[in-house]
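In the part that follows, the structures are each spelled out as structure tokens.
Two complexes, one shared chain (chain A), two partners (chain B, chain C).
Take a look at the complex of A and B:
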């Protein structure tokens, strides 16, 4: 009998151990990552920053739609019509915006033809007019009279033409869900490129929080467009771990793009706030400790801190306006890079001109044969932000990752392989990777270079020897001795001539 | 107690057979009717084997139940001690071997047509429609330019796509299957096509989509954390539509952003 009891106890213990490992009952809360610089600020200020961020953007579980930002938060938009009703009332005749009509029906119409707005009603946010900024809850809709019924009664009916958003935030919430499913594990909860998978990847996933993206069709100083982000998600980036999400439905793709832009705006806002508070106002723990030891008064420092905390909402507003402006500008026609001429026809002469341009401008990074082994990959470069040299030789991007210039012999074009994509890379450069832009170069020369680059994987040995000779001869005549060194380094030797860029069949573009 | 076990061992096999019979009608069976001629033959082979096995199953279960029932009766009869029967052993070795041999020989031509390159339909072998490069975690497609034959080496005129393979419908087509990194598997469930992609190898795979339409392409060899989302689509188009689609792809790929300046420089 005693043996039986022992085995029962063991059995129970075993079950206990098995179940104890189950975290499924309480997953950890997702949180937005706080920037290092924000942490370094003195505690009053950093708390104020975090609070303001929370009130303007929320947390991953409770998003806040800050309407200043040019993000499609979603929801059904519309306006009120002329109302003949008076006195305390809760019925308003409305007309939905044309695109929003279908959304309204899809979201709220029940199977029996009636409308269902859920237990507590659907939130209605007034955008303009008497009740701008206030919200109510819609509990019914009469399709005949086209009237919404709200839970709250108002004395004065809203004027005709007052606009509202019903159930705002749908697109953002859908974007969040899709982002969590598809993107989070690499790009992280905050879009900082540091999700659980990120540590195993090279190149690292994009950190959205500086508001800069590599592959865009806009002029060098402008931000990325929604369409560019959409292309990246749809077609992936060959040569990296970013896969193609071609099978996503269009609305889903749109929702993800909006969420990514929203994360980017949030990240960049925090970044700029930190820049101001650290560089302009010097309110970090380190600097304050220094000042205290130098003899500055505690009261004086506290005054500055209080000022910064009080100014925080205004600073957020101003920076938010700037961000909104720059993101909106990116969508304008004037920001798009449109080639001034049609593509120059692909011919040896065109490629020869492109080769000369390449020798002039590109070999420092991309190497004489385009293998990505130019001299800058072996020199120590200066970090523009700190003014000091990087710890290792070679090139670094703005996120601090060590990068290599593209090996053009492989035929792998990360930003797209259409001629227009390559034109965009040349004209606009790739800001984050420090690839310079050639916006002022003659567009015909840019097309020649595009033709040359597209042909590099198929180059025959010695194809451009004459062209190279011509180039260096003309340099000698016009230039000086400094070009002699470049020429000696660049003139192909016997062994190099036979081993030019090969077409590797195992690589795909 | 014995009645409980008896009922149990009778009900289970009967339920199994019943479920098998009603499964296709209840949609608990294959994803769809086979979408390719070879797929239909594979399905009929599957069904043949199923019938043979079901017959065997019913026979052996009946024997088992009988033995259980008979031997659980309480009576004074002495058990019969069999000293082994050589004839019986020969019979129940030869018969199953014969059945298996029959199955092996019967399916040989389907296997050969599917796997032996020299037996692939000639028109498919001559003009492969694309090279499908599996990659963590997507499918990269390389088509030859309309009018050219696909080469093993990349050509300047090749067209590229990702996660969408366009093929002509109602005729046999062949692809070259490669992988850029680890093992993947090219699986078209509706067309009954499955072929592992092995690093370092170029594997020809042929299939025929009977009807135009969209078919699911999934990866069937665990290749990493993204294996489950490595889905793509195969779009089978009628001949003219296929040619039009290839022309469109060629145009897109030579887009220089100038011709349609004013509207979107995208597709």
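Take a look at the complex of A and C:
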């Protein structure tokens, strides 16, 4: 055989293997991650949790839109009008909800003015009335009589006012596809911040599953708003790997925000169910083994397990209600941080007041020059979960990552660089990072502090020497030795005083 | 190499690449952004047939605790005793130590209260409680106001029993501000600055019972710790310095009590106690060092 023929044959074989291989080695179906705590539950209970989660949220390929949750799942909503037709019939006069009208047109109107519902028709889910819970397929729409035509025929026409959703779940599906494309590689399929690239990133991507987010404009105890999440996605988080997605269309951004909220609700529900089953009921393998060795009877424990399994749908229902309530509350006006006064004008006097506040409240973490090297970065903190000290000194966030207070000299503000963004950080604190909130502080002082902080990157050496001296003298009058060290740190060294505007100096960097 | 063999090699390299390309786009390579997804709807409210049991205020499994009878109430009076030598725990902050706000925080040594044994071996700050209200219990109103104070950078009292809906005034007896942060589980977060010398206090009201005592911390002074037991009934107590406690007006019947101590967690998950009407039912439990194995 000539070389040419051999190589041709080899080539054909190679193609064959490639094509076959592509089928045999297609990537596995995406799956939602199960929490460690769920795994540690005794097997009957942990299976019940996973089954209930699957029935309430589905898996990444077969999504379940749980209507209890305040997520915009999408679809065109509407209600039927009075019908004079008699059965068997498949034409229903309908009126779409005001916001849904445009959606209907956008989704189903064809170029020629007619309506196209696809080959198998668009799914219509009845929400209330005679056919509640049942689905039909819409195959036509007559805009003159405003009647939908369905594939299925019914004997009795639905009553006037029966509500339905056409093509339910569109937004969720679209959000999922966009999330898989743009977000999954860092944030993971389940939104656990553990996607394939996450291990290489510092800070790590957000784990949505505790239902807590850092950069929000709501009061300290409230959840994040859709708008806050939208801002983060649009503008990114400077100083981290979270990019800006300004080029996304508005409806795409909305779909992603809803999907992220949905993932967060799923994650937090599993988290809270685990908390109940571990802390209230004690149904982990470890605790049950301990109880058995202490002499508790198997039958008694099995009874508790059976009770918990039977109660699972109700527990999910209750916790779902609580979650829905807290997410809805975040969107209310009362949850929004609105500065009580307009921004105090930026001036040296304002910044001096801000500096005093900073010295009083902020230097423990942010350091006396705002470099993020305060004394708490050197102390060993206690892990609230285990009660033990962390192995490393410094601060830790609620996800267990080692974090540093912001170095304010860099002028990089992760939650946004508008003055009001900084106001939100001060008023609301950053719960997950343990930054305290100053909701009870005079709003004028908060603005003074905002002015001071915004100016730190442009500070001249020795600019606040007098202010600092005054502050420490007033503290001395009321006692307090430990501030001596702080005072020395705050006083500029000789080399600093003669420096020509550089903020780098020979003392702590 | 001559022209035609270069062409051959190029050909042999390029076509497989093309095939891979076709493969990936055409076959779709399983899941990912282009896969077909379905959405099913789950109704917002549960079917009435699948609702199991009656619910309690905070979640967890249904049903009330114990089987109360109708013969009237009794009291549970008891004591927890430590068998062995009490541990001598060094203070969390030594007197005069260089700490934040030393003027208030190290004027006196801050004691380590994680296992306090009083005169005669009584264990202080032990929580004894019903994890769920007794069956048929209805809360009455008229709960008094409680005080949770901070003095010398220590919480006073160290352990506090709070009922759902009861107002706790968090006060500050030090000149420096404290940031009281309750490590809630079911409740909404309480993370508030309490200004120096605030004798009016900041109100704290819990909406749900907590499954176990929760810790009170201060974000400014990391050594500070205290505990709140939040219950939706009055049948809970925290032992005094001498290890004694009293739970009054328990409907007669059989109950399972939980006993919890901060140094070890749950000492008893279901301590069976029988309450007889019209008398002080006595309970005395002794625990040795071995039970506090975490220390």
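Methods note: the second predicted complex is superposed on the first by the 446 of 509 C-alpha atoms of A that agree within 3 Å, B and C clash if a C-alpha of one lies under 4 Å from a C-alpha of the other, contacts with A are read in each partner's own complex, and residues count from 1 in each chain.
Operating definition for what follows: a contact is a pair of C-beta atoms (placed from the backbone, for glycine too) under 8 Å apart; a residue touches a chain by one contact, two chains touch by 3 or more.
Predicted model, so just to flag it, every value in this text is computed and none were measured.
Novice: Chain A superposed: clash or fit between chain B and chain C?
Specialist: Taken together on chain A, chain C would fit alongside chain B, as the superposition shows.
Novice: If we overlay the two complexes on their shared chain A, which of chain B and chain C does A:427 touch? Say first, second, both or neither.
Specialist: The answer is neither, since A:427 touches no partner chain.
Novice: According to the stated criteria, A:133 is in contact with first (chain B), second (chain C), both, or neither; which is it?
Specialist: second
Novice: I'd like to know which partner A:472 touches here: chain B for first, chain C for second, both or neither.
Specialist: After superposition on chain A, A:472 lies in contact with neither partner.
Novice: I'd like to know which partner A:221 touches here: chain B for first, chain C for second, both or neither.
Specialist: second
Novice: Identify the partner contact of A:244: answer first if only chain B is touched, second if only chain C is, both if each is, neither if none is.
Specialist: So A:244 only meets chain B here.
Novice: Once chain A of both complexes is superposed, is A:65 in touch with chain B (first), chain C (second), both, or neither?
Specialist: second
Novice: Pick one for A:231: touches chain B only (first), chain C only (second), both, or neither.
Specialist: Touch status of A:231: first partner only.
Novice: How many degrees apart are chain B and chain C as seen from chain A, counting from C-alpha centres and rounding to the nearest 10?
Specialist: The C-alpha centres give an angle of about 150 degrees at chain A.
Novice: Regarding the shared-chain residue A:92, is it in contact with chain B (first), chain C (second), both, or neither?
Specialist: neither
Novice: More residues of chain A in touch with chain C or with chain B?
Specialist: Looking at chain A, the partner in contact with more of its residues is C.
Novice: Please state the minimum Cα-Cα separation between chain B and chain C in the superposed model, rounded to the nearest whole Å.
Specialist: Superposed on chain A, the two chains' closest C-alpha atoms are separated by 13 Å.
Novice: Need the overlap of the two footprints on chain A, from chain B and from chain C, as residue ranges.
Specialist: On chain A, the chain B and chain C contacts do not overlap at all.
Novice: Tell me, which parts of chain A touch chain B in their complex?
Specialist: On the chain A side, the touching residues are 182, 185, 197, 217, 227, 231, 235-236, 238, 241, 243-244, 246-247, 336-339, 341-343, 411, 417-420, 423-424, 447, 454-455, 457-458, 503-509.
Novice: Where on chain A does chain C make contact in their complex?
Specialist: Listed in rising order, the residues of chain A that touch chain C are 4, 7, 10-11, 14-15, 18-19, 22-23, 26-30, 55-56, 58, 60-68, 73, 125, 133, 165, 168-169, 172-173, 176-178, 180-181, 220-221, 272, 275-276, 279-282, 291, 304, 307-308, 310-311, 313-315, 317-319, 326, 361, 364, 375-376, 379, 381-382, 384, 429, 431, 434, 436-441, 478-482.
Novice: Report the residues of chain B in contact with chain A in the complex, numbered from low to high.
Specialist: By the definition above, chain B touches chain A via 133, 135-138, 140, 142, 152-156, 160, 162-164, 178, 180, 225-226, 229-233, 252-259, 261, 264-266.
Novice: In the complex of these two chains, what residues of chain C are touching chain A?
Specialist: 8, 12, 15-16, 19-20, 23-24, 27, 29-46, 50-53, 55, 58-63, 98-103, 131, 175, 177, 179, 183, 185-186, 188-193, 195, 211-212, 215, 217, 219-220, 222, 266, 269
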